[in-house]
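First the structure, in the form of structure tokens, and then the observations on it.
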Amino acid sequence: MIVRNQWYVAAYGREITHDLFSRTICGESILFWRTEAGAVTAMADRCVHRRFPLSQAPTRLVGDQVVCGYHGFTYGADGACVAVPGQTRVPRTARLRSYPVVEQDSFVWVFIGDPDLAGGVRIPRAPWLDSPGWTAVSGMEPLAARAGLLVDNLLDLSHETYLHGGYIGTPEVAGTPITTEVDDEAGIVYVSRHMDDAECPPFYSRSTGLSGRISRWQDIEYTPPCLYLLHSRIAPVGSQPNPDGTDPDAFHVEVVYAITPETETSTHDFWAVARDFALDDEEVSAFLAEQNRTVVLQDVEALDVLEQVIASEPAGYQELSINIDTGGLAARRMLARLASSTAVRV
Amino acid sequence: MIVRNQWYVAAYGREITHDLFSRTICGESILFWRTEAGAVTAMADRCVHRRFPLSQAPTRLVGDQVVCGYHGFTYGADGACVAVPGQTRVPRTARLRSYPVVEQDSFVWVFIGDPDLAGGVRIPRAPWLDSPGWTAVSGMEPLAARAGLLVDNLLDLSHETYLHGGYIGTPEVAGTPITTEVDDEAGIVYVSRHMDDAECPPFYSRSTGLSGRISRWQDIEYTPPCLYLLHSRIAPVGSQPNPDGTDPDAFHVEVVYAITPETETSTHDFWAVARDFALDDEEVSAFLAEQNRTVVLQDVEALDVLEQVIASEPAGYQELSINIDTGGLAARRMLARLASSTAVRV
Amino acid sequence: MIVRNQWYVAAYGREITHDLFSRTICGESILFWRTEAGAVTAMADRCVHRRFPLSQAPTRLVGDQVVCGYHGFTYGADGACVAVPGQTRVPRTARLRSYPVVEQDSFVWVFIGDPDLAGGVRIPRAPWLDSPGWTAVSGMEPLAARAGLLVDNLLDLSHETYLHGGYIGTPEVAGTPITTEVDDEAGIVYVSRHMDDAECPPFYSRSTGLSGRISRWQDIEYTPPCLYLLHSRIAPVGSQPNPDGTDPDAFHVEVVYAITPETETSTHDFWAVARDFALDDEEVSAFLAEQNRTVVLQDVEALDVLEQVIASEPAGYQELSINIDTGGLAARRMLARLASSTAVRV
């Protein structure tokens, strides 16, 4: 179940240069490149003539035009065909489908669905990835599992204790109850777990320098379908933010996931970790990048297995849900509603 | 066509230790482990919560409890859930499906189907695999072909002459007619071929020390769906068993196959060779193990090819059968009857 | 869409020796071998008994008889079974389907469909592959794409400029308009492109010794479904054939493709290049063989990608066609007509 008429993260801005780049988003193979003026373009990665993928050599970029490597059909940055072989007249309908694109918060967002609706759909923000006062590390791992499995995973962090023990998991995560809140109007699911006296996992002890027990808050803010934020606060036990919102004794980490379906059963798992401390410490950056990638790969391994389980199980299999699942179940409901409202609209 | 409500060999007893072990039997992924008291347990290899396979790390056994590696759901040896994360109450329905298990004749048998019917279905015996006076070697080879192809193969040993020439095949096997007998009440198919003056293949000459021509009897006893016995008697030409059943001049080999469907189109091919001579001769054991494994792998290669042929052929293809096929055809009829009676019963 | 009741190239004559050889043609697995007298036989590659592929070891040829490696069913060169195991009577219906075969122009042609119709269907000729006055190099590359994609490719040579630039493509190929002619009665599509003042690509400059600009004619003659000829004339600019048909100043190259479906989505891509110059020059032979194989592999890579694009695209995708496609579209129409007339006839 892929929700259309939505913005999705297609790439990091740094991935798109003056070179042909292709990625499949929601089942659509899309060609990206950056014009000589620096704008990101997005168009169908398939020549209108005989389907040749334009990301495929010997297709090449000549200035701001793409020349198909099969028969030479040539397209401008807006997707319009400007030249064909063997004749001077270019058919009026020779045009690649182009996609609305926005570059923001280090991401390239693309709108999947009816482009006329793009303006009316909000792009959620992750400003910490590209703001003064914050340092971020990031990456993307391919996931051979449906996006819904990653949503389940991220909305229920009790799994940190088991799947990520020794990295970010401690007994308190699974042991501490959560509160869940759903803002249907804004289209956001909130899940909070505040551990006031918890073990400090290596992920945070080595990056913050804190030792001993800590206060650890996990405040999840998920905007279906694509953007997941984990506002993480680590502080000495007993420390609280000030009434004016300042919080000088705490360390803040913003963990960001962009969950982009590649196909019905595979996903681009974009992850980023931003922090408001040790801003110029390369060693901390390298440590957090390596640790978070390891954690993401533990999830990837588990979710790839779950996708295989689903593929081989009889239809109608029923899961059992408990309190820790309230966030994930709320997210599923919101995704189902978005999917059905799209179905009606189209 | 998999016959349910039947006992199948899932493993050798030696394969199941105090460690998580998974095998797919008749399309069902089953978790096996041995309790600290030594009993074999069998339960569904899938957490009731979010489907995580319990055989998958970091799931682990703690005493006689399985702790799921995803969110920590914890199960006892009977499959009942005893702990879940984030709450003290365990839902009543949180229980893994458990399977009837019997350990016998070196095999772990598991009942596939309605567990209430297990007591009424006979488990066929292969006592030579675990009896004084006998020495056995055994193994299991994965077969990428439906179980029925292995049944066909084993019920018609004329193929030894061609597919296993130089190992266990000689011209007399294909050349000697068979007798077939079907005991519908007991659910057994018998096929016999008595060669009274035959070449001695290396399999028997090197293990028995006989040279020159031999009397070679092949008495098949197949109890569908799972257990196949080949009672093999090798003796000097002219030698007969005594009227009282003793047979001092002959060498007896019991070849046992357990034919367990993994899926509709793949099979666990358990094989064992027991003998009543050279009981402590390690060299004979090693020779018979290596030879029989080679023969099994010749079958595996041929049957894997046949499965591919079936996969690519148009529906309704018709085989041609002759006298040598009477045993195989009887086995097919018995399997079809078992399958349909199951279908009615459920 | 595979057209049946047609002759297809199954192999080069040199591929068929007194040894078992199998190739799948139009979805049918066919066994070929040459009798001791030198005739090519073609029969179903599947034993009538239990489906064993006769091309599979330990099946073997004994004189002019095939002995199945599974149970020893034995077949003569006409496909009739002459011996079975365990009994002397051979069932009357024990016979492999045999295929009409013609060896001609270095190819082994096989008739796919109703054998009674074979005599009424013309086998197109490619005499240059096996004639005095001509020297040919040839090969076959497996294509993981439907035959229709190769037909499209070969009927529209404008792609040489882009996909084969630096080998056989120059700007004039894509730049010069074509003329297309369809002979419905003979069942032939003609496409011509005469470039009277063109760059000489390496393929022709190194083989002919011509330098500077040339006259280059491409005259395509495609007889659906299987045989494609490219009559290629390379000459100094301004040179014309004489009124009597002689053409002493020109170099003639006959490029031959046999397009044989393996399955609905894979193809045997037979290619040959015959020339009427440098007949004994091994270096020219080696150069043309290597160059043409490289060009074929460039096509294979592109068409394999297109097959994947088709496999993943939604149903009903529409291509855009222009003037260069008139030959390919005519070929598609003729193939569709052949397919539907076959469908009616059967």
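So that you can tell them apart, the chains are marked A, B and C in the order they are listed, and the count of residues begins at 1 in each.
In this text, contacts are C-beta pairs under 8 Å (C-beta built on N, C-alpha and C of every residue); 3 or more make two chains touch, one makes a residue touch a chain.
Bear in mind that the values here come from a model prediction, so they are computed numbers and not experimental data.
Its C-alpha atoms fitted onto chain B, chain A is found rotated by 120°, rounded in steps of 5. Homomeric contact chain A/chain C is classed as different-residue, with under half of its interface positions used by both copies. Rounded to whole angstrom units, the spacing between the C-alpha centres of chain A and chain C is 49.
Residue positions of chain C in touch with at least two other chains are not found. Residue ranges of chain C in contact with chain A, taken from their complex: 152, 156, 158-159, 161-163, 165, 174-178, 302, 305-306, 309-310, 312-313, 317, 319-324.
In the complex of the two chains, the chain A residues touching chain C come out as 27, 29, 46, 48-53, 56, 58, 67-72, 84-87, 91, 93-94.
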